[in-house]
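Shared chain: chain A. Partners: chain B in the first complex, chain C in the second.
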Partner chain A sequence: MIEMIIQSLPLAIFASVPLLLAVEGELVAERAGMINLGIEGMMLTAAMTAVFAAQISGSIIAGLFGGIAGALAVAAIFGFFSIRLKADQIVTGTAINLLALGLTGFVYREMQQSAIFVRSVPHVGAAAENAIAIVSWIVIPILLSLMLWMTAFGLRLRACGEYPRAVAASGPSVAMHRWAALVIEAVLVGAAGADLSLALSSGFAENMTSGRGFIALSIVIFGRWKTRGILLGTAVFGIAAALQYALQAMNQSLQFHLLLAIPYVVTLLILCGIAGKVRAPESLGRDA
Partner chain B sequence: MKVGLLTPGSVNDNGWNAIAYEGLQQIHRQLGAQISYQETKTPAEFEEGFQSYGAKGFDLAFGHGFEFQDAALKAGAQYPKTVFITTSGKSVAPNVSPMVFELEQATYLLGIIAARESKSGKAGLVGGIKLPSIDSTFLAFKAGAHSVNPRFEVKEVYTGNFDDLGAARLATLSLINAGCDFIFHQANEAGRGVFQACTERKVRCFGSNKNQNDLAPDVIVASAVLDVPKAFVYMAKLVRDKQFRPQVYWLGMKEGIVSLAWNDRLEPTISPATVEEVADVEKQIRDGKLEVPRGKF
Partner chain C sequence: MRRLAVGIGAAALSLLLLALAGAAFGHSPRVLLEILVSGSIGSRFALEGTLLKSVPLLLTGLAVVIAFRAGVWNIGGEGQFIVGALAAYLTSRFGTTAALLAAAVAGALWASIASLLRVWRNAPEVLTTILLNFIAIHLLGYCVNGPLQEASGQYPQSDPVPQAAALPLLGGSSLHAGIVVALLVTLASWWLLYRTREGLRLRATGFNPSAAQYAGVDVNAQIARAMALSGAVAGLAGAIELLGVTHRLFERVAAGYGYAGIAVALLAQLHPIATIAAAAFFGALATGAGELQRSASISSSVATFGQAVVILVLILFGSMRAFAPGRDE
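Moving on, here comes the complex of A and B:
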């Protein structure tokens, strides 16, 4: 059992990188008062544009930027409707998910025979995959914490999520801060999509995010909108996900359906058990 | 000759429906038949589709899935001059028959290869969703492995979907960590994640449904291949030559629909005794001397 956990741990660390990056991005957006339900579609789009960029240029770095560009395009749609036109964020996000799933699926089916999807994608080596994991698990959380809790910009960003009218009254533009948060989210979710299609997997597949965006949304809530909380939430989910495969491989008599549910149940239980009142940003999901 | 096809989804899906449409086109090309297809979603549409082919005097109409059985029986009674074929199923009437593919014959051989060539005595299976057809190919794999080594261990892992390449890779790595040194998958698109894991750990594996040997030429030893278009042409020829008899048409190695495709690059790494044994068992299956076990569905 102990050996199984030790073997599963490294798998969990790199396999949950796309989820973690998405969680980090959503944390920033929600702190600024936006629920981006379209995060699933954003990641899926990024996974596809990353493959396009990597295949055309032959470089993984270009693939990363391609993924970010795809996520930025989706963020622009989300921001235009939810910030500029003050449309309902939930409705906008849902529409974006449907759009992204349909559009990427259409493009993928139409271009099935093209070299972009047939040829194998540039390879991310084991060393690079470890470096990506370190950046995602350690460097980015520190930077985000510093930005959100140590800078004036971070204070104003959080104020946009708590009481946007106070921000507006004191001068700075709420819309500009929310746009900034959205750009930060898009960069992180774009990287998540690129990692998904270029590192964790080798290429694009329809609906390949398979719910990671939605899990990211719930981890941000369970993590109490705190960096520590979301790191713990992602870690618990990631380890449970890797462990349940090891359990499936070990035990043939257990129902695999139950094992597949383990990550969700364990994450729920652990994060519910941690003391502390759930307090969402006061103006989350509301326009300014 | 006029041949129609009902598919339950888009013929551009590069999978189940696309391969049936490819079969229909080959019927046109090889037999010069006039062809037509309809995308049908509901049982009512299945019936309307079959009835429209019956009313227009088509010689043969395919319903691509076991869900077309009821509609085929109903239309079959109405239009006795048209032959209605469903892909998989059990329902038989004077002009209605299912064709059932026996991919199990090839996965049985893969099981033999794994049990003979494995050093750890363990092989792993990665499935997407536990569908009866998938379960059945795994069953045959295990039976093949146990036919040469009753103590050979076969581990099974399901990911719960066919889209998540990352999950398939994770599942495969878990199997490899558990000591499996041969991997077989039934994860469709997500199978690419299986090959990625096998390539990075240099563990040998098998392709499924199509000849996938080129997807990971360094690790895929062989593929269990199912030639669906050929099955469509096979049935059309029977109807054209008035050889059609109402029965369940089992289509496997004997009919050339199912085959085992070795990866030429890796075959030299397999012991000649194993290659010979597999060829021998394949011949027994082809001659009908050996019946490969399959799931009941």
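Moving on, here comes the complex of A and C:
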């Protein structure tokens, strides 16, 4: 078993990059008091816009920016409803997931008839994949930790997630900080979507995120809203997913469904404080 | 009256946006809407398809109505639907009634995990119900790939339920008796919510939990009962879909009905009777969208797009603020 885990590590590290980037984005949003259930739709939209941008330009970098642009558009909708109109975040997030699922399915099918679609999708090289993995697993976590826990901006941002009235009373705008957190999330989730459709696969497919956004939400809980915790959480979920392939290769595919369920059960236990102490941001999911 | 106007407006606006989206890609909006209408209510066959799709939507919508009315977030309709279908399959050899009851109990128990964890450990049900959805999905995946896989072992699906347990068809149509069950459950929910003390306490809990507590309602117990009831209805939806339509279990048996129930409940503005109309609208949209895909090669996922637009438009009209759950600050 240990040997199998070690063998599946490389796959786990690369295959969970989109998941990790999404988790990092969601951490920032949740620390600012927003639970973005629409992260699934955000990633799915980014995956599609990244492919279109890469096909039109023939460049991976343009694809990355295309993905980020798509995620930002979704973030704008989420922010407009949940921050500006103070609509319930869960309802807004649910609507965004349905919106993205419907719209990408529709647009993708339409684009199959257009000339852009037949152009090949540029491929991400091995060196670039290594760089992406290092950035997502090491550089971004360090930067996020520094930002959230070492800067005044990070302190205010976290305060928006704990006790927004105190932030408002002391001057800074809660809405502005939540918008900022949303933009950071969108950049990371946009990159996640682009990595999914350009590096992990070469093209878009309907509903290709297949629950990664929801898994990201689970991992943020698993990681107890801490940077180290979410890295560990992503590793656990990533290894479980990678082991599935090893088990399938050994014709023991039966067990992998149960294996895949285990991280969720563990997350549930963590959420209940059974497996260690946990405290969610106090104002998570509430308007300011 | 205003709520009715807002609901119709939201539904109309979603169709309009759908037509516009089609126009943006060079489809004639008129033809698109015509196909949507003829493909959903234009013929006997289409109408039956619409009604069949409306049944699970009506029940998952009701499940959301009951939970939201109590101010509790049940995003777990999908998982409760799945365990309901699973329980119905396992008990189908004891007949239809046993299978339906088992599904309701299973759905209630599954939902109660979330409410127990909320009461006991203060774990937000928004998160626990989502996690429980995934656990249910993987449990079902395990079952149809393993212990419950069909005897021929060819596909990841179960054998069909015994003929005797399948819901009877209504007079020479493709409609099954589940429609009657769903309508009866709808009436019962309305009666419960608006004509009983239990319903009054439930709505009071959702409207203002502190006031309800002050007035002598045991809020935690009330929430637990509402959640169990909500899960029971979602579980029943799974059983009816299994016994009436699919007859087999497979991984995608829930097909998003649990999440679509949220759109149904919001369009109905959390009224049980209005849920019938909302479910019929989304059922028609889904059936019409299927026809769009077949005859005009437009992705049937536009139906999902329509659900999203309805929710967002309702938020814009501000008609949901009055019931937004979780306002217990």
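In the analysis below, the second predicted complex is superposed on the first by the 251 of 288 C-alpha atoms of A that agree within 3 Å, B and C clash if a C-alpha of one lies under 4 Å from a C-alpha of the other, contacts with A are read in each partner's own complex, and residues count from 1 in each chain.
We adopt the following convention: contacts are C-beta pairs under 8 Å (C-beta built on N, C-alpha and C of every residue); 3 or more make two chains touch, one makes a residue touch a chain.
From a predicted model like this one, the values you see are computed outputs, not experimental measurements.
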Which superposed partner A:85 touches (first chain B, second chain C, both, neither): second
Which superposed partner A:69 touches (first chain B, second chain C, both, neither): neither
First, second, both or neither for A:210, with chain B first and chain C second: first
First, second, both or neither for A:260, with chain B first and chain C second: both
Between chain B and chain C, more extensive residue contact with chain A: C
Partner chain(s) touched by A:180 [first = chain B, second = chain C, both, neither]: neither
Which of chain B and chain C A:245 touches, first, second, both or neither: first
First, second, both or neither for A:109, with chain B first and chain C second: both
Shared contact residues on chain A - chain B and chain C: 109-110, 206, 257, 260
Touching residues (chain side chain B, partner chain A) in the complex: 10, 12-14, 124, 130, 155-161, 163-167, 169-171, 173-175, 177-178, 180, 189-190, 192-193, 196, 200
Chain A residues within the chain B interface of the complex: 7-8, 11, 15, 18, 109-110, 112, 126, 196, 200-203, 205-208, 210, 241-242, 245-246, 248-250, 252, 256-257, 260
Chain C-facing residues of chain A, complex: 35, 37, 77, 81, 85, 87-88, 90-92, 94-99, 101-110, 206, 211, 214-215, 217-218, 221, 253-254, 257-258, 260-261, 264-265, 267-268, 271-274, 280, 284-286
In the complex with chain A, residue positions of chain C that touch it: 21, 25, 73, 75, 117, 120-121, 123-124, 126-128, 130-135, 138-139, 141-142, 145-146, 259-260, 262-263, 266, 297-309, 311-312, 315-316, 318, 320-321, 324-326, 329
